[in-house]
Amino acid sequence: MRKLGSAAAIGAGLLVWALGSTPGAEAALDGATVTGKVKFVGKAPANPVIDMSEEAKCAAKYTTPPRELIVQVNANGTLANVFVYVKTGLPADAKYPTPATPVEIDQNGCMYHPRVFGIMVGQTLAIKNSDGILHNIKALGKKNRPFNISQPTTMTTNRPGFAAVEVMLPFACNVHGWMHAFAGVLSHPFYSATGTDGSYSIKGLPPGTYTIEAWHEKYGTQTATVTVKAAETKTADLTFTAK
Amino acid sequence: MTWWLPPQASTFAAPIDWMFTAILIITGITFVLVEVGLVYFVIAYRNRPGRKAFYTHGNTRAEVIWTAIPAVTMVILGLTSNGLWVKIKGRNSVPANAYPIGVHAKQFEWWFTYPGADGKLGRVSPELIQETVNPTGLDRSDPAAQDDIVIRNQLHVPVGRPVVVMLTSEDVIHSFYVPQFRVRQDAVPGMNIRVWFEATVPGTYEVGCSQLCGMSHYKMRARVFVHTQAEYDAWLQQEAAKAKGASTS
Amino acid sequence: MSTAAATAHAVHAHHDDRSFVRKYVFSTDHKIIGIQFLFLSLFSLLVGGILAMQIRWQEGFPGQPMPLGKLLPETMASGGVLLPEYYIELVTMHGTFMVFFAIMLLLVGVYANFLIPLKLGAHDMAFPRINMASFWSAFVAGILMFASMFVPEGAARAGWTMYTPLSARHDLSGSSLGQELWSISIIFFGLSSVLGSLNYISTVINNRAPGMTWFRMPLSVWALFITAILGLLAVPVLAGAAIMLLFEQILGTHFFDPGAGGQALLWQHLFWFFGHPEVYILILPAMGMVSDLVANGSRKPIFGYHSMVFAICGIAFLGWIVWGHHMFVSGMNPTLGSTFMVSTLLIAVPSAIKVFNWMGTMWRGNIQFHTPMLKARSADCRGSSWPRRRWTCSSTTPTSSSRTCTTCYSGAACSRSSARSPTGIRRCSAG
């Protein structure tokens, strides 16, 4: 009788422990969402014009002179290419499974697409060359081992995942010095990069209080604090001001 | 005699090619004589029944002759080519009125700085280097730099006028090489090297990087345009307007 | 008692008790060490050759998948198509393997080891154990260099001349561990080369058979002796430069970093100060052997033996003051360009003397076209590689060395006698 009781207690304990330590499962069940817009206040500075005249194949893909989109202000007054992610607030021991699908970055028209993106630690990065001309991809990680590889023709290279969290890891091409991209390498999947509508959306958060940080390559960072309950959707807007 | 060499497009090309051809003829004649001699000896002195080799340890007079003739030839070649070397590479031989163009080499692009209307190149500083916006590190606060025009992978020079290239490198050793000008000079980080030439034939040529500088070294090329002075002035004005337009847009 | 002991000793003298390892692996016998060097250098020649075939593929069929290319990892050849960074590794490692591990080991390690004692009438090298150490350090160097091709990010990528800053900075070349292993391997190679040179020089100075004066030595031994002096003085410069490069790569020193007070050109001066004597290290042994073989093939003494010795010494001496001819457009002071040009022109003179003397040797000779002679004749034209036929020499006249029947690996050992000895002609038969 006592043996059965202790077995049941152990079994119940194991069940609770199992349920408690799969945050993914928990998140799926009752994940909260934080969403919002990244606004831009002030006059947007002119982006530098890129001289692509000596790269005919890429220059041909543009009807107006291409610019390096350092500050991309959308029509609705929001900022694109802002990396928004959960900086603090997640349980310290939480482990999130690395997605099997790779994150893709494409070199098209001698520009990286996307310019700003997120990737999880250990997740494969698929680097695509759609231009068919020589590009070299230099990842200038400080916490991650830097790499420098080339792609002489149309091809895709699958790079094994990064080992360390790094916000942000810059990419550059040396053959075309204007090409830049930035990757936010995180150990959790709670990130989002703003696009042409300036909005971000982070889903599947467990209930709690979080610091959300928005990173822009020129304007630095802005933070916001958000508290969410299970399955709740909260809005948190962030604003960058022109300097 | 030089049809198989690259076309001659600078004032250096003809003297260099002449020197090259002269050396080729001298060494060519020597080569033919030695080879013919070798073949003749091998046939004439081959082993035949009853033949004996002629026993000798040498001949001092022969040694002296075939030491003196090459030595004198080398001295003559040295003296004639040194004059040309000094004229091309000598630090003091850059013409005083040479038109300055800044050439900044980096993995894997060539950046050319034109002095604009004031004819002077502005100060550059490596700390100011910023991709896309300021790839050569031009110090815009320097008055001489205000009208400088910076262009990627295109070298424009006027014909018939000495040009002096101020060669710099950002990272590793590159080499500025235009075969038709017979001009080649390594760009070394930490050094500011002057290279001068005078283009003689309008046309389009190519600068190739000729010192291994990394994995995309093979693609590190720029186009060279040699214009008449009038065309060059027009081009420069056009570029100045473009630069002005870009900075205010 | 003493007679019995003497007999027992005599019996022992002809029975080798040593284990296989002591006899063939960690051997101090110069012939075994020569063969060990032979295997190492032939393997390196194979490696260098395979690398060259891949270079040729890229030259001939760029952008097309190479046969067996799919066996290469994606970082080297994407779908069998060679990537630019891999091509540069190929070029770098081909040069490195061929110059250091194939030719130097073959011409110096094999020929010097095998031939010097035989041709001098010495019973072994002056320092047999140092000789063994010389081989095993070369072996370690070879392993490290071979391994550098299989590490993450691949082999060294700055050309076999390793110009800095490209070779020193991993962020600029894209290769890190491979570059460092190159430096370490070259340091071991330097050790091997210096130990070998010490041995060859000591043996030639001290271990000549009685009656063999300096000017009775075969020209091939003269050439190997002068080569060893070049090696002794030049290779440590390379090793020192490699140590500086290694420090730059792993310790963050700034010898070659202009931003911190160093100079990019420093590497070039150090490397070519080694590099020019190096090319004479590569060619002098061959020239020495051509002299011996042409003399043998022509059945005449070499024409102008003393001039030939002085020519070898002249080439070697002048070889120290021409290194700047690899740096004419490097950015060094153009005045140095003038001085190096003068010395480079001068070095053509002793080289010309050698060619004319070979012709003088063949003049009015009785030329036999045995294989070594054919090779020497073509070397006369263009310096080809050496035959490796096995010769068995039997002497009609006892020589001063203890052996009258010698198995040698080139006709050269026999030819010395035939050219110089007035008393007998050694019969050389190929086997």
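A, B and C label the chains in the order they appear, each numbered from 1.
The working rule: a residue touches a chain if its C-beta (ideal position, glycine included) is under 8 Å from a C-beta of that chain, and two chains touch if they have at least 3 such contacts.
What you see is a predicted model, and the numbers here were worked out from it, not measured in a lab.
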Overall pattern in which the protein chains touch one another (line/ring/star/complete/other): complete
Winner on C-beta contact pairs when A-C is weighed against B-C: B-C
Distance from the mean Cα position of chain B to that of chain A, given in whole angstrom: 48
Euclidean distance of C-alpha centroids - chain A vs chain C, Å: 56
Whole-Å separation of chain centres (CA-atom averages), chain B against chain C: 34
Where chain C touches two or more other chains, by residue: 83-85, 172-174
Overlap residues in chain B, where contacts from two or more other chains coincide: 107, 214-216
Overlap residues in chain A, where contacts from two or more other chains coincide: 134, 148-150
For the chain C and chain B complex, residues of the former touching the latter: 83-85, 88, 157-159, 163-166, 169, 172-174, 258-259, 263-265, 298-301, 303-307, 329-331, 334, 337-338, 341-342, 345-346, 348-349, 352-353, 355-357, 359-360, 362-369, 377, 380-381
In the complex with chain C, residue positions of chain B that touch it: 34-35, 37-38, 41-42, 45-47, 51-59, 62-63, 66-67, 70-71, 74-75, 77-78, 81-82, 85-86, 89-91, 107, 126, 171-173, 175, 184-191, 193, 211-218
Residues of chain A touching chain C in the complex: 134, 138, 140, 146-153, 155, 157-158
For the chain C and chain A complex, residues of the former touching the latter: 63, 74-75, 78-79, 81, 83-85, 153, 170-174
Residues of chain B that touch chain A when the two form their complex: 106-109, 131-133, 135, 151-154, 214-216, 219, 222-223, 246, 249
